[in-house]
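You will see chain A twice below: alongside chain B first, and alongside chain C after that.
Now for the complex of A and B:
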């Protein structure tokens, strides 16, 4: 019998316990990976392909305050600006649903291709959308969810404006990072709300990446000390500003992950010591046969390490398979669109498992080292 | 005949070294569950605690929150004359026309920003909300750019001490006082004069109206009167009911709590199984003896189930104790209804603790089921012979 097979035989001699230990490690690591990915998705939302050249302009007071429509020509004249579209949150509830599950924005349809080039749909559908002021385009995810087809009519009641709008679906797009939104003609919105002369935000396409900082400064300066001061920022910065609003949620998920890891260590360590205590007598025999403490440590360590890594393989691998090949937006009811298990997270979880294997073998090793051969042989359990 | 309970209790206690880790594991699972649910409860309570039953609130029909509601000045004037409204000693109607504006302000320290709800109120608006008390400084003066901030927000945002100034809408506002909302939604608000706010943010309309009615019957009449008036696109409801409807933000938190509890309890069940199997294994001979003494299989089964449940119950108790540490701890996040920072505290209610305990007992019973069956099925003679 080789040392390797001796360790494997030992680890599996109580198959039930080995399975339970491996499974509890697997479940905990699965949970850990899930929490880490959720935390990462919350704090680092995925970036759209075209985001690098887009600037979002909102009211300096807050996003909830509108901007005057008269600002548009002023922004358009700023050098480096390619296109400016209004982008107004409609906040409509679909049918009789209690809360909205997809966002709706009023915009300038002519600029769709310029601003959101990544949104792909057949040319015919786009032309149809351009022609009909009462039509809208909707992302594929939402269309699938509500089984909407091109040509269907949907009606949305705004929670912000006293208006209910009916749209004909002219097209279904896909290819953006979040294919859920409904986009429609700002003119239709203006008509329905009585020409308020207001927009929610301006979305600006900038000619080149070098122009970005200058354009942002110029837009901010253009409306300084006016009745509607603005905050222009990159789309990324705009996105990230929502994360600061989440407040303590980040910290909360972080602390829960810590508790999970701690529980994991506790439970696995206790299982390991249980396994070792059970064969105290054997270890004493090995000692009597002339095996050194160092070698006994190695046996215990290898066994605990092996069980922990097997658990990691199942837990982390399972999480990876589920989140990579499963439909995450369906599973979370649309809270998460992407749920990427990054190599860094896999590495971290495996590292946790490895340290777990080491930590769990410490207590049994110490008690084995402390016990004299005679005492060990006397143990009955 | 059932085995005495003390047998199980003493067994758990005598093997405390082996069971300690399992108990602690279950304790942590229960602690996480209770804490996350306590957060959801705290968030809900901060809303459902809010409001005075004598008050009626009026918002635009179809708007789900004050921040997206509008009430015109004409509508305000019309409602002002309704006879159901209580009046003060000077015979003025007790009605406050509020302007709710979200303003983006820097947090203390980390440099992030968040939306804060700034409520402009009529002078009578303070008296209409007896839950709010001034704890430092003085109230704002109508007609001046002065604000009073809540104590909880002051702890989270920059420039929120009495005497500090901050800029919004191109103008500077001075903090003159700190108020305490006593665990209501007002803990997440800044107050200033309504008309000053309207001019500062260029608002033609008000957001909502809050008024005091003469009595409960008057409240019914007034609500019916406004709801039935086709010319008024307004929605009237009691202030208490309005705040009861503002608890949707707690839903994803509850979901998180349930998800964590489910996932972690699977791990805890495995741990409990391990412990109980070891316990059965170590007591094989004892079980044989019990069988010889005349205890039946089902008594043995029940006995081990009770032992597992008891073990988990201790864990559950410990978990509830752990979670008590965060009771009352204040945290903040963005509300999905008002889109502004909502500050609230963890709230552990007795019912929540009971739920945690029930949960732990279930984990214990499920975890000990298979080991208990094994114990009950042990052949008597073989069990007696085992070392």
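Now for the complex of A and C:
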């Protein structure tokens, strides 16, 4: 027998309790990892190379307020600007679905390659898209979800404009940070909505990263004190501000995570206390045999630590396996495209488990240390 | 102070040993100025009514309880002056314990229970195996080494406990009513083993008992009453 095998035998002496303890830790850590990954995915700004050179221009008052189409040539003339495309949210419902499950944007199709170079699709499909004003391209995730293929016709009813648009799928793209969107000709949108001369936002491609600050300042300045003042910002900043409209998600998720961890500590500490309380006499016997307080503390700590880490292995490992190898888009109904359990999140969850193991062992250890051999033997004799 | 000669002549030398418990506002005297010498190889039995202080005396000699006054020298060491850590080491090397309720660890086999005190020593696995097997053979349980305590009878469990008490080769074995939970035959067997240890292995055995028949196995019996020796 070794000290290690002695600790394992003690930890597993009540198999049902040990199993339930491990599972409570595992389920809680699974939930914690899920919350942390969800928070990260929701607040993750686009990091691809293309995003670094894109500027989003929106109405200074609100994203809901449109911008006049006449702003385009002014922006195009600003030094450092490579391309400017309108980008207007259509907000259409597909088929009989109650809410929109993929976004649709009207844009200038000629600038697709310039603005979104990461969107990959066969050249033939792209050319077809350019030629047909009533065609659209759709991201692979949405195409797969709705079993759409090139040549299919779909109809979208806008919840913002009094319009229902018919599209022919000209191409299916992939490779962007969000392969769900449908993109179509802004001219078709203008025709359908009565040529309002408005756009939702401008998406601007800047020539180089060095030009970015100057271009942003110049765009903002170009429309200052006009009837449609704008707010130009990097795509990253735009996405983050867009997310903030959903409310303080960080606070919400952080609060839930704290409650999860706190509950976990209470459950584990209670379990360890029960496990040690019923072994008080045995621990007193070990003391009589010559085991010192620090050795008994090490036994309790190792047991508590071991159960917590086993829970972490199952909970965090399970979350990693599910979110890495599972079809997250299918599981979340397309809300999340990726759900990456990063090494940082794994490390944090494991650290929580390790801390849990230590904290849960403190109270029983103090109790054992304070009890004399004679009292320990008397207590349960 | 005790003279060095007195300490060397006896394995246990006790002088004016007192133990007073505080129970609320009341002081309860468990031991009152006891002086006692125990020779090496002696099988001493402590008798007396409940609450007479015999278990308290045994616990202080074994280093698991502390007196409130007096001295208790065991093999020349004043155990009342050792700190917790020193006392734990000292117990491991010098004292073997046998309890009334056996106190074996239920998840460990007989072999592992006996091996437990040796985990604190520097013996390697092979040396430990030799020691454990010797101890189990001595109590006649060599063939039951892989049994769990629940698979053994009460008498066998107590013999495993004796093997555990002997495995570190202590010079002193203390037994607190070791036959209290046993049938007469098992009690006879256990007492026989303790007697043999005293007579042939030169172990000093101190046993607390209520039973005069059990006490008859000892080489000397002392009686306590209200915390004082009566003979």
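Observations on the model:
Methods note: the second predicted complex is superposed on the first by the 371 of 381 C-alpha atoms of A that agree within 3 Å, B and C clash if a C-alpha of one lies under 4 Å from a C-alpha of the other, contacts with A are read in each partner's own complex, and residues count from 1 in each chain.
In this section, a contact is a pair of C-beta atoms (placed from the backbone, for glycine too) under 8 Å apart; a residue touches a chain by one contact, two chains touch by 3 or more.
Just so it is clear, the structure is predicted and the values come from calculations on it, not from any experiment.
For chain A, the partner that touches more of its residues is B, with chain B and chain C as the two candidates. Once the two complexes are overlaid on the shared chain, A:89 sits clear of chain B and of chain C alike. Once the two complexes are laid over each other on the shared chain, residue contacts for A:248 go to chain B alone; chain C is not touched. In the superposed model, A:9 lies in contact with chain C only, and not with chain B.
In the three-chain superposition model, chain A touches both chain B and chain C at residues 381. Of all residues in chain C, those touching chain A in their complex are 59, 62, 64-65, 84-85, 88-89, 91-93, 97, 99-101, 103, 105-108, 111-112, 115-117, 119-120, 164.
Only residues 1-3, 6, 9-10, 12-13, 281-282, 285-293, 295, 372-374, 377, 381 of chain A touch chain C when the two sit together in their complex. Put simply, chain A touches chain B in their complex at residues 16-17, 20-21, 23-24, 27-28, 30-31, 34, 60-65, 91, 98-99, 157-160, 162, 225-227, 229, 231, 241-249, 252, 256, 259-260, 262-264, 266-267, 269-271, 274, 278, 335, 380-381. Residues 18, 20-22, 24-25, 28-29, 31-32, 36, 39, 60-65, 67-68, 70, 101-104, 107, 110, 112-115, 168-170, 201-202, 233, 248, 252, 260, 263-264, 266-268, 270-271, 273-275, 277-278, 282, 331-334, 336, 339, 341, 387 of chain B touch chain A in their complex.
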